[in-house]
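Just below sit the structures, each encoded as structure tokens.
Two complexes follow with chain A in common, the first pairing it with chain B and the second with chain C.
For the complex of A and B:
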């Protein structure tokens, strides 16, 4: 990927992030309720609620609120959270770092488990172990994240093998990483099967290259191309999928922060979380593009 | 796969399952025995929401109240079970015969957790911050008598005089919710207009100080709060042993209720601070039978959901349905709803049928039998016929005189299982008398928005109530109140009986004589029963699960139901 293309991609990503964040602000503001709804439910008297609305600028026209928000984004100022009474940027950075840590651990786990298993099952499609792994992958993929996270949590607390205390990484990383591992395994398996049937691999086998080298070096490298292409999507799905996992396993990440912000009607915080999510997705796609270029010379040439 | 390999695989899976089951930690902790309180140890509780501010004066949410109960202290406390006053930072108080002026003697030799001496200046500072407009304290409204602030002055370092501007029925009970804050830590922030942010969730615990049994040692955002014993806490038990008994309380933030219960059952936490769902009770009773937990009865809730129709005169949402605002219609609905069925099916027996907003949990304010309308479908049909609602076309749904079907939409709160299920039961029960109900579940924001804009026909909902004293809930009772659900914010009372209730409530709020207050409030309840402006069906019986190793528990129907008395909790064994 050359420099000009990289710059174009970065500018497009920035525009996307700003647009998505502003859209989130609009949607959250148009949704029923606002930052004072939870106060009403808590029984706070209407006069105090009215003062809070005035303090937060909720009595100003919607267009003014939106313009203020967009102008803030352009200056990298995401505003202040009504619920926490703290700058959104610091909250998002704090929780975003936790989500990034969780996503990285899950991605690592998924990669370490999924890719080798995929190569194995793709290269030995008739082996009974391959069939078992395939069934398990499909079962994990079919299981909703909420149920999978609760199941793992139950396993953790009932056996004591894993810590389920809030802030411990292993259970949430496992809950988030296993479906991704299953997904990668399925993709890698198919790609390996396709690579093994390709003429160059058949020729290499005919030349007497040992089967193990044929599978783990030649076929694996060729089959990585389509799999690396979906890594950007995978990173995005780790962000969106982390909401349920973070909620159930009490992981203090961005997904949980956003869930709480939506429930509290904290519009600026919602938009700030979407902004961070957009950044994660854009960075993930840029990284995936780079990886594809590294693995496939054709991508480098066409870029 | 060959058969032998398949068998080996099945055996391996079976062995793994057995290993998991065998390794389940089902150790039975030592129950709260007769050995008496044990000093030391650590207790782990869980809470479902994270704190946003540790200053109770600026934050109304229950987690802020929990933090304040642990780290701060009040002048006096009202025992939530007996209603009796307990001396706290004030050891004695005397009042003038008119009940307007009270002189408090402050406990001597009390120090904040950071070692600074506690004096009358801290009490004065707290009231100054409470009424400061820039602070916008959610506590300020309940700390006013007839809308006017209380006056406070110091006689010396250990005596303060509190003056009510007018006679005020709740009297000193309002002091139960006002934590006394450290002037030396917060005066500068108040002067600078940064009081709200001074103890926000990002505060350095070293910048806080309190007079409560514990002090905040650490807050890891969205993970846990760790409170350690306040070495300067001023209270001792009957044997002269310094309180609190516990060295440490950790409050883990666990947002998901199922996860919270799993942790409790596995012994990872000692108690939960939220409510217990009726459907979880069977599972918890098993754990109790196994000796792992104890289920504490905290009494009947004072928060009871309300079913009301939009009675705002001229409301567009009910135009064309005059029967919706007819008293006989509401009374018919009341007769058609089988409250015991709601108790049995929605609450699985863990509730009490109620016919008004005052439940047995309100203690002496509750009048048994008040407004009781028996489940009687025949009576309901008669009442409906009396206002011209009959099944004219034989389709099972009543029609009014203009031949329009008797059908209304009922809004309720999505995600609140009790409200959603009760609404479904009511829908089914009203179908039996020919009334069609469309239940619509909305999230909190949507529901509150529809209510405040008056765009609804009927709602089943209710804001939280933190006080059993009716004078602290005037927003509900007075016709101009924001929580006078069926017709809020009236400029002048819409009906004679509401005007009468206004008068009675203002009288009882301004009366110091408890017996007279009860008499006046009984009349208010009778008026509500006579005119049925809203309906109430069931009040939950609050059950609190606690690990069997926790002693000194006195459960109460308030938030938090166990930790309100944290200084007297102890553990009989160390955590595994």
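For the complex of A and C:
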């Protein structure tokens, strides 16, 4: 990949993450109350509250707070969480890793399940199995992660086939990954079918290349490009979908942390969560773009 | 398929619009003896033979395990078009619960119908807002070109890679926890419009930018059309795209709304949307003993499925028009 272009993309992503975190910091500050409101309601004595405000920098003007915060981000110091009384960076890294693990497992599942099935249904459009798979895909496609997670949990409760125990990766990954698998299957199916109808594939078939090789090597390579193109979108949707899944299956990810932070009015933690979310998304997008550039030489010059 | 989907969606819209008359009960009234009451069944015949549709009165037999039995002694006939409702029963026989009741003994059917107004309404309004914003900005960018075009498209690219869900939560958090349903409605629609316009703008810009070079646009310009008037001539070329985009945006926003409400940053509390209703079904015990609380999820599934069928996503179950494919040459059909 073009090195200068890659560097430019990384810098743009960094700027984006910093801007978004700073914006989240400002917005969260606009919310009524601050980190000491709950202490105030609980009747903690004023001196303690004043000490806490000083420690969190709340006694200084807002512009100074913001500047300190942005300067902190540049050194990867996200401040201290008022709610958990721990550095935000370590807290966010821990939960962010959980969310990333969930998203990665879902993506892996979707890829392993969706792409081969898509090639199969695309190459054998008239086989009854393909139609069955297509119908199932369309049904699963209409299950957003929230519905899929609740459905799987209901299945687990009523049949005992799956483990609904919190901390188990399988159910959340399935809930998040199945809809993505379905959309990848549909896409790969269409792409394979288009590739099979292209003149060069017809010529290859006429020259007597065996059908299996034709489908799994020649057509698969051509259909890679449109499919890899959606991986950036898929990563974004995994990320927003994981919020619902984390809540339903009690997965200790970023989404839950964000919820706690917003409810507690913990500004630095809110901004930290947005920072982590932005980083995950940016990394995902960069990887997706890299893959696309690898699969399609044309992207390397223009993107 | 498409016709069926359109009928389903139209039916949902009518049910939502007419919710106060169709719902047999008020969505917020609490029926003390009906906590976790199961859905009532229609009956047409009993030991005495056939009758007009009727139900049996529910009776709470065990308060601890919340067991209900049907009182088979007496039929309770359905009364059509009485007391301002499409269908109701004699108030003395207790509430009419088509979809069962939640933990507080509220009628789930009524709550579903009223929730549909919020869920579908926000999705529709948000999608329309996104279309409007995207069409205006995209058309302006495509018609103007140059620096303005670059700025608008850069902003669009920027919005596309934002961690939208988190930002929406942060924005929601800037308002007090408990706010008016109407305010949530407006706020959510605006947020969705802001989050979703870039896709629309990209498409409209591409269409307008190509239309701009065509002869009719040149003719309009030669006839003295100003920039605004010119855009007015160019935009109709994007109507088809906008229609498709509306059907594509609706399910996405519906899902986004239900997720936010489910998590607790949307419509919850007294008048929840479908996502807010699902919060009650989340616990394993509720799921086990009152699976009808998952009905909002079923409603979401049906509406999203219908919208997808309407948009033609994955409409390739049937192979349709037959094209020459490499498979035919390589593996002739037996």
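One rule holds in what follows: the second predicted complex is superposed on the first by the 263 of 303 C-alpha atoms of A that agree within 3 Å, B and C clash if a C-alpha of one lies under 4 Å from a C-alpha of the other, contacts with A are read in each partner's own complex, and residues count from 1 in each chain.
Convention: contacts are C-beta pairs under 8 Å (C-beta built on N, C-alpha and C of every residue); 3 or more make two chains touch, one makes a residue touch a chain.
Note that the structure is a prediction, hence the values are computed from the model and not measured.
**Q** With both complexes overlaid on chain A, does A:151 touch chain B (first), chain C (second), both or neither?
**A** second
**Q** Would you check which partner chain A:247 touches, where first means chain B only, second means chain C only, and both and neither mean what they say?
**A** A:247 contacts both chain B and chain C.
**Q** Touch test for A:292: chain B only (first), chain C only (second), both, or neither?
**A** It touches nothing on chain B or chain C.
**Q** Looking at A:43, would you say it contacts chain B, chain C, both, or neither? Reply first, second, both or neither.
**A** A:43: touches chain B, not chain C.
**Q** Have a look and say if chain B or chain C is in touch with more residues of chain A.
**A** Comparing chain B with chain C, the partner touching more chain A residues is C.
**Q** Answer with first, second, both or neither: which of chain B and chain C does A:268 touch in the superposed model?
**A** Once the two structures are laid over each other on A, A:268 reaches no partner at all.
**Q** Pick one for A:186: touches chain B only (first), chain C only (second), both, or neither.
**A** second
**Q** Mind sorting out which residues of chain A both chain B and chain C touch, each in its own complex?
**A** 31-32, 131, 150, 153-154, 157-158, 164, 247-248, 259
**Q** Going by the contact rule set out above, which residues of chain C touch chain A in the complex?
**A** Chain C reaches chain A through residues 158, 161-167, 169-176, 251, 255-256, 258-259, 262-265, 275, 278, 281-282, 284, 287-288, 291, 294, 297, 300-301, 304-305, 308-309, 313-314, 316-319, 323-327, 329-331.
**Q** Which bits of chain A are touching chain B when the two form their complex?
**A** Going through chain A, the ones touching chain B are 31-34, 37-48, 51-52, 55, 83-86, 90, 94-95, 128, 131-132, 150, 153-155, 157-161, 164-167, 247-250, 252, 256-257, 259-260, 263, 265.
**Q** Show which residues of chain A lie in contact with chain C when the two form their complex.
**A** Residues 16, 20, 23-24, 27-28, 30-32, 123-126, 131, 134-135, 137-139, 141-147, 150-151, 153-154, 157-158, 164, 186, 189-190, 193, 196-197, 201-202, 204-206, 209-211, 214-215, 218-219, 236, 239-241, 243-244, 247-248, 255, 258-259, 262, 270, 273-274, 277-278, 280-282, 285.
**Q** Using the touch rule from the top, collect the residues of chain B that touch chain A in their complex.
**A** That would be residues 1-2, 5, 9, 20, 23-25, 49-50, 52-53, 60-62, 133, 136-138, 140-142, 196-197, 200-202, 220-224, 252-256, 258-259, 262-263, 265-266, 268, 442-450, 452, 463-466, 475, 482-483, 489 of chain B.
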